[in-house]
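Each chain gets a letter, A, B, C, D, E and F, in the order it is written, and its residues are counted from 1.
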């Protein structure tokens, strides 16, 4: 599922504004307006495509005379030199749109590609990879869609989605009191409890939590907690998980592993726009 | 120099909107409104701070009753457990603002920290590190300020700043014709020419270019071009430069080395917000 | 006359944003993208249609592939099971747009329907029904168009339209002084005076007011004031008028009766969107 | 919990813009700028207050020189002539702000008051009253906060919160397949299933739905479904419930009753702003 | 009366954004942040001040640490070297704000000054000077306030204010039919009729028009029409009136003369910002 | 080169909003919706066209059913009664769009026409005419494009483009120090120095300035400075240059003459929209 069109339109309008105002593209102004061209999006590495809707929106907003034909969609795998799509129309408009379109594709495909790495690292274990709220300001909707394109799943969309009781929310009340308060105040919502220790897991379970988040535990500690939970509610693991350690956590029985790096530290995936000669 | 306040306000307003609408912070609603607290921004690694103005704006927009005292400013170096600043006020407001403030600090400090690494790698050579237009959509102003905080310099702010003639802009005219056209159309602006070969450098020089950008050359080829230019105009190197190769390019005599990764692939710098007990 | 397109576009963009951000329509994501459908807007009661332009804009903004054919226009009467229009296209897009389109149609048709009730209650008397500035924040333009669709007329569009001197505006000056001041300051504008007593009506008349607004009077008191005015300027009645009392006020000779409830208290008119099987 | 400040600021800015642009308040311009006054918000009926934060924001945006002191907060009960709060400052600014502040208070208190009526109608049964997505376009965040002020609870904030599988989402798959698909795609989210018949309830239960929504059933049919569910998951009732029938549905054992009218058809609650003499 | 604050805030935010994004003020970055200064707005010619609220807003948005003290207000007369106000605070912020503040003051004072010239040209005749809708896109509210500062009055704020029937609106109906239609559709609004000939004036009068606009007539023709109207409704003159001809039109008995040049062709009034040494 | 589409869309949306909200075009509502018409943009004087893209956008935003055919483009010369373009479609939509489209065309063509006058006044001298940052707030992008249409060139787009060191930026440092600081901080940017005296020109030259701006000098003083510079860097003249004096400055050898009046004081160019009968 692509990100909501409303979010895409808004992100693209801002990205173009910051790249062309107030004078427009000085360099592209050197190209006569009648020169037309075709250019192909080509991947420079191995990864997962994301951001197609955003790139298309860039061209649509720059010049209604530009047409894009896509060969692939978000979630598709690319290898070096894979042709992703072709844009045709006035050369000066292609040049003006190029960097903004590539920035979106590169960033979002970077997110999807890193997500796919984590998903593959836990393949066969039944564990699922989640994102977090550690997203780039302004790009929440697009990055969360890119995580889905990479095979991951979305944790909370934002603070208004469901309840996650952390240590700092307790403020003098017990986990049990907090969970009961949350369920009373926000019925029909997931109430998840962040736990640092086994006894907190037990307390959360007893209070009727909908899930527990095991924060910064070792795989062994996770396994102990998973045993305590006994499949009654989902167990999420978070905190400092890397590509090297993620499978150990999956092996410990976590239902979900959430990874902030998916959106906060994904390197751009290299995609170019090659003019057809 | 901090980023323009107008940009900061806008980015923060959007970041908060995407994190709290439509229902607000469900979890923070469990904390009684009268509970007050203090929390300290603490670095978890070694790096360079950036984004202070943005983080301050987050707290200001969430609750006018929150006060922040900063111990450090953008560009300052931090090591693990450095206290960066303290925020005090209603606990529920601190919790609501926490993630957005941290996302901005972590991303922008990540950019500053990576920039500093490149700057240090060329220390003593006189070469300067530049950013590019490969910025995160919507964050151009903030990321370019973070590059400055890291000791780098800003290449074009956007397409309206100055002229960069690339191969694709030629469209049947020679480099010389393009440069003369650019200087006629956009007087008082830098006209830089991207060159892939030595003869293009000579042509650009002859046409009165203000700078040349050597794209994807080896350090040896760069050295040859630098000799050809002979100090008459600045020489910029770009394309696939890494922390491992950057010093070789500096040694080849480049005045500037521009690095897209500074803004496109900087991992988040880990900063936490620790509640004071 | 439909509401200004500029207002409609803005209202719809905000309504969609608040319903789908940041993750989009989770439920509609379960429907395969290739499934297409047709659905019919059907009234569930007796009333007056309003909001067609807004509903159409919802579909246009959600998915350019959706097409709507309308059988009726704003101001048309509907009875239970009247087919209002048909939308066709991707089922998932229809489902995402459905609630926002219906919310607009239901609210605005509710305003039109209540307006029509008041208009009918005074039928044959020559009295006209006006709205007020008691509109829903953000929906002024759309609700005032719905009042017109219901056969009512628009009082002031906003505070910048014309002058309405109320008791609180006097601040130590007489009605006469206030009216003369208003006519001097805002020539070519209507200057209406709110009156609670007969002597104020006389004073307003003498001062050259363009209309009087009789606030919270009985029908008898209105009749006395109407006689005093003697047709020289329009007489408006306002304040606590209900469907039960409106005809008595019309019978007392009021030229206009303004009713805040038209926009502030109109219940939603029930309209459904039935999928064609 | 008040609505998010970000939403309030935005709604108020738009409401003021539509009431004063382009020329400002013509009538208030007749009042000399130096005249100062105090005015008191006074209820005209029995109800529940909501919208305090919005009204305060109106005054703040109109004139920083206005000060408001509140005697009551959202959720407090008012009776005729209850003093709610006092605003003081330049009279012309009070007059300009008055209608927008009152429109927000009246509409949101209307929502809270109607909600309280439903909550009281089911008092003692353990059933809770929920709102729906039938909110006024642009006011989702404020109306959902008003429902909470009235003692109700919030169903989905929007389409991105959790999954509600309706008949139209099935598109050729069974309820069981749809639920399993939803749980696979959106783990950690509530998956609720709308049911028209008892066998659908059984199917939803078997598929692991998190809740069932019984649509347009009689209280007797609800009781049968409640018995079938046997307390394993929450049961929500929706569709045409009125103040007259709501207690019968509560008596039938529904955990939740959702009422679109709370936000779609709440009449404005009458509040005035009385100038102190 | 100053323009609405909502309009001022919006105009200033956009003006600053277009002047500082994305990199901020490069030149001001050379000034150390701790250097403080005071600077005085000084007029360079004879005219009328307007735009004080806008200039103040510029400083407020650039840096909350800047303070402005005004010696004069909108509508006050200035001569060469009149001190208008003083701003104090960080020098770099004063320099960044300077041009935007001056652009607003110069443009709006230019409008006020030109208006004052027309007002003086008709002094003693009782004729009043009106603006038109020929305003600069985006500055309607500010320019119309500047006209008032210059002693002029505001014609329609926009198309939604009142009815002006021009030749093009007739579309096959007579003036009489059009006026009656307008009064039926938009009661309580001024209905003005544009007339090119005396017989049209008579027709408009007979139909109950609220005012006539005599378009592009000679002063003699205006006098004839004024005699025909006989004081029953206001007479407005428009079309090609200049400072040289305006008094002749006033002498012909026009109640109002509307002048598009007030807002469309007012030269900037020269105001400087002098740093105190 | 037309202005950036992003800027045009934004300016037009605001211009329309301020002209039609909240009630729409009352007068155009008198025209039956089915009446169609064609109207021709006709110049009323001699000048240069600019603003075509903006005018077209007005019609597109008012009604998608309007079509415009242009006979001329920005930069083309017009004489009295030149047909510029034709718009066809619903008459009521043409009337609603008319004033906003004309305001943009008239203002921007006014800028282009005044620019052309200055350009012609220096014809044959090799001197080029530049604009300044004295633009109308909100219209920077459109006005700078109009200057280009008139044959002028753009000085800085905004404060973020390049460095202009004025007296006020020195704050205790010498011109030499300031230039070196600027070149160190903002490499690859033009660093221009404003000079009031010959010795400052020498100092700027010695420090490596990229250009000098001679402020408020006589043509003789300019000639002296030009001789001192000796062609090494461009010389710009600014300050109080008029159509009467501009050629003298050009004759003194200035490379560029910047004229604030181009955008700050250009009278509207008269263009009408004539309905075809």
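Here is the rule we go by: a contact is a pair of C-beta atoms (placed from the backbone, for glycine too) under 8 Å apart; a residue touches a chain by one contact, two chains touch by 3 or more.
Everything quoted here is computed from the prediction, not taken from an experiment.
Visitor: Check every other chain and keep only those touching both chain C and chain D; list them.
Guide: Correct list: A, B, E, F.
Visitor: Once the contact rule is applied, which chains count as partners of both chain A and chain B?
Guide: C, D, E, F
Visitor: Counting C-beta pairs in contact, does B-C beat B-F or the other way around?
Guide: Pair with more contacting C-beta pairs, B-C versus B-F: B-F.
Visitor: What's the farthest chain from chain A if centres are computed as the mean of the Cα atoms?
Guide: Between chain A and every other chain, the largest centroid distance is to E.
Visitor: Taking each chain's centre as the mean of its CA atoms, which one is most distant from chain B?
Guide: C
Visitor: Same or different, please, for the chain B to chain E contact, judged on whether over half of the interface numbers appear on both copies.
Guide: Different residues, largely: of all residue numbers at this interface, under half are found in both copies.
Visitor: Let me have the rounded angstrom distance from the C-alpha centre of chain A over to the C-alpha centre of chain C, please.
Guide: 43
Visitor: If you average the CA atoms of chain E and of chain F, how many Å lie between those two points?
Guide: 22
Visitor: Going by the touch rule set out above, which residues of chain B reach two or more other chains?
Guide: 18, 20-25, 29, 140-141, 154, 157-158, 160-162, 185-186, 189
Visitor: Viewed as a graph of touching chains, is the assembly arranged as a line, ring, star, complete set, or other?
Guide: Graph shape here is complete: every pair of chains touches.
Visitor: So in the complex, which bits of chain E are touching chain C?
Guide: 128, 130, 153-155, 157, 160-162, 185-190, 192, 211, 234, 236, 255-256
Visitor: Can you tell me which positions in chain B touch chain D when the two form their complex?
Guide: 13, 16-17, 20-25, 29, 61-63
Visitor: Can you tell me which positions in chain D touch chain C when the two form their complex?
Guide: So the residues of chain D touching chain C come out as 11-12, 14-15, 18-32, 35, 91, 95-96, 99-100, 102-104, 106-107, 110, 133-141, 158-166, 168-169, 171-172, 178, 181-182, 185-186, 189, 260-261, 264-265, 267-268, 275.
Visitor: In their shared complex, at which residues does chain B touch chain C?
Guide: Against chain C, chain B makes touches at 18, 21-22.
Visitor: For a test of understanding, state which residues of chain B touch chain E in their complex under the given definition.
Guide: By the definition above, chain B touches chain E via 1-7, 140-141, 144-145, 154, 157-158.
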